[in-house]
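Think of it as A, B, C and D in the order they're written, each chain with its own count starting at 1.
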Amino acid sequence: MKFEVLITGGSIRVPPYVAAPYCTVALLSDEKRMVLIEPGSFPAWEALERSFKEKGLKAEDITDLVISHVHMDHIFCSIFFKNAVVHVHEKYIERNYSSFGPIAGLFYPMVLNSWREVHPIKDGDVLFDCVKVFHTPYHSSDHVSLLIQTENMGRVFMPGDICYSRIEYFEYMKGYKKDDVAKFLKTISKDCDWIVFTHDLPMKVVG
Amino acid sequence: MKFEVLITGGSIRVPPYVAAPYCTVALLSDEKRMVLIEPGSFPAWEALERSFKEKGLKAEDITDLVISHVHMDHIFCSIFFKNAVVHVHEKYIERNYSSFGPIAGLFYPMVLNSWREVHPIKDGDVLFDCVKVFHTPYHSSDHVSLLIQTENMGRVFMPGDICYSRIEYFEYMKGYKKDDVAKFLKTISKDCDWIVFTHDLPMKVVG
Amino acid sequence: MKFEVLITGGSIRVPPYVAAPYCTVALLSDEKRMVLIEPGSFPAWEALERSFKEKGLKAEDITDLVISHVHMDHIFCSIFFKNAVVHVHEKYIERNYSSFGPIAGLFYPMVLNSWREVHPIKDGDVLFDCVKVFHTPYHSSDHVSLLIQTENMGRVFMPGDICYSRIEYFEYMKGYKKDDVAKFLKTISKDCDWIVFTHDLPMKVVG
Amino acid sequence: MKFEVLITGGSIRVPPYVAAPYCTVALLSDEKRMVLIEPGSFPAWEALERSFKEKGLKAEDITDLVISHVHMDHIFCSIFFKNAVVHVHEKYIERNYSSFGPIAGLFYPMVLNSWREVHPIKDGDVLFDCVKVFHTPYHSSDHVSLLIQTENMGRVFMPGDICYSRIEYFEYMKGYKKDDVAKFLKTISKDCDWIVFTHDLPMKVVG
């Protein structure tokens, strides 16, 4: 399948007033499927609109959503894709979202209830014959990373929020951090062509 | 009724990537009613949550929403207040929101359809015996400004997005701009104690 | 001369904590001159760095800076261009910058004192045989707008902060505002190919 | 000495356009000294101005600056404090700042050269009889963390950018990360009353 970054993620945090992180959105497509990895969040919804207009895409064309983990900055825009099957780690179901707080306790269920069909995924699964799933519960219990064999960009590694920016990546690669995440990143990095970060520009890996 | 600013509005625009303005949210309340002017937007939803927690408020306690005009940065958080009557200028109904674009055309109807009951308002109306409505169609055709007689802060003027910041206000007062907005602002400013801006800190008016 | 937008301006305001507007930066160049209109501000300094790297430019290559008005979001990055002549409206000298406050009173003089040579400009001046200057004191007393005859983009209109975004522009064109700014914008708009906004994406004018 | 947070740090990143993180600024003072930990960055300079006005402080009153590490979002506002001695880890001198790039290579030296007097610090040092220094080179080679015995807030721990937010802190405390940073954080956390993060709200530690 063909891979393309539609929106480069970023983060806007001005405590205690504004919390508006938003994740990278990529389109993975062939003749049969239009997959969004991931749907993304509110601060970039107008950019998503512009991108869809430019490509002549409609929200109803999206067949699948793949979600790295159930945090609002990754799932919000899923409300627009009514026809999509949502691929998300099976652990997501265990959390009691309605206990999250007076607003969050309404917001999370509202977004989750908008999902037409959920396909629970787990470590080792392969989606669409080209997306390998790794369960990486170092940011949240339901967090997954992805390694995608693409037609046009070689092997694309999407670590998710366990390593969401270039700075973090270099901290790991320089050995400042030496935990399980470090081991995982080093192993997969050796064998990929691009790293697509959730909250930063993609990076070409130079062998 | 008692008036209190819950969230001070602001604006985050990084064209072409991020458009995340968010408006000021105020609570107007007495024994019978809990009114939000206005519900506000996504970038501040966690601040709204914190504010509700601190006050022991639940979303279902809100009886009314007053909306200056139907733009997403003013209406988004209305989706959380299922029991509220929405007070909005009657002109809002005339626009064809579903033609707005591939995402906006879904987003606006989704928010508007979440409103349980709409109370159309017009120039000269008085809400809750203390909120005077002015139709001020200089930012959008359905735009209203408000002048509120409060128990605790005297007369509070909320011009809305026709004059959304202190800088804009001073540009008008200095005479840089001389249009109908200027006349309106000068007339009401003479007779109020506070100006509460949609995207800036409130300002005490010194007679 | 050839005209090129290096950085699209935007604005980040989260009152009372963060005030980080930043203006559009354009390069106007031929064999003799490398002109920045305008130098821009801190939030985009890394983008300026990336742009200079991509073009093989050095800060010392910049021969001239044109400044729409002396506000920090337009002048900050002037500190990097030690060889440049600064073209700014003659009124800028009348303000007492050191009275601005405990930090601003240091900050403005620091930036202004970094200027090697100032060329005061006024209404009707033409710079580099192609940049026409209009004194438009509707945002600050020293504010200018520019109309540039370019080699590659036809006539480029830069109104400055008297009309800094597409939304503002359309408010004027629809007739919501009817002051001197409206008249000026309508007159120049009729006769240009592009409008380059200080805090928004450029817009092609369709005759 | 008395400790007070003047500005709560945050972060604004919209790759590739805007990079505007800004760190927390605290004031540590007694009759003899006015110390800023740390000077902070541009996006919050107007908030710093407001804070100085409210307290009747002048920039020249600041006697000392303590810096966690030499990154622009921590050092920029040092340019305003001409009388201050700058306390920074001795490793900072080893880096060749002028090689950083066409703009950064000018910007870093400009800020560093504005420092009147540098006092190099190292692991184990105690400043002003109350600030204990820990060399924690997990974010940059010159990075330090601080533990401060205050008069008014008990023991205040400032980990710096090795753990800059509450979310990161909880990831460490839950055991998601198990490296040297985790050990350091757990050890010091046991014995402090407040954790003051560089890019988030302070947190009271509940024994």
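Basically, a residue touches a chain if its C-beta (ideal position, glycine included) is under 8 Å from a C-beta of that chain, and two chains touch if they have at least 3 such contacts.
On a predicted model such as this, the values are computed, not experimentally measured, just so you know.
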Touch-network distance, subunit A to subunit D, counted in steps: 1
Interface residue identity across copies subunit B, subunit C - same or different by half: same
Distance-maximising chain from subunit D - centres being C-alpha averages: B
Gap in Å, rounded to a whole number, between the CA centres of subunit D and subunit B: 38
Whole-Å gap between the CA centroids of subunit C and subunit D: 34
Set of subunit C residues in contact with two or more other chains: 8, 10, 12, 14, 16-18
Interfacial residue positions of subunit C with respect to subunit A in the complex: 12, 14, 17-18
Touching residues on subunit D, where the partner in the complex is subunit A: 8-16, 18, 137-139, 165, 171, 176-182, 199-201
Residues of subunit A touching subunit B in the complex: 7-8, 10, 12, 16-20, 22, 42-50, 52-53, 57-59, 76-77, 79-80, 101-104, 106-107, 110
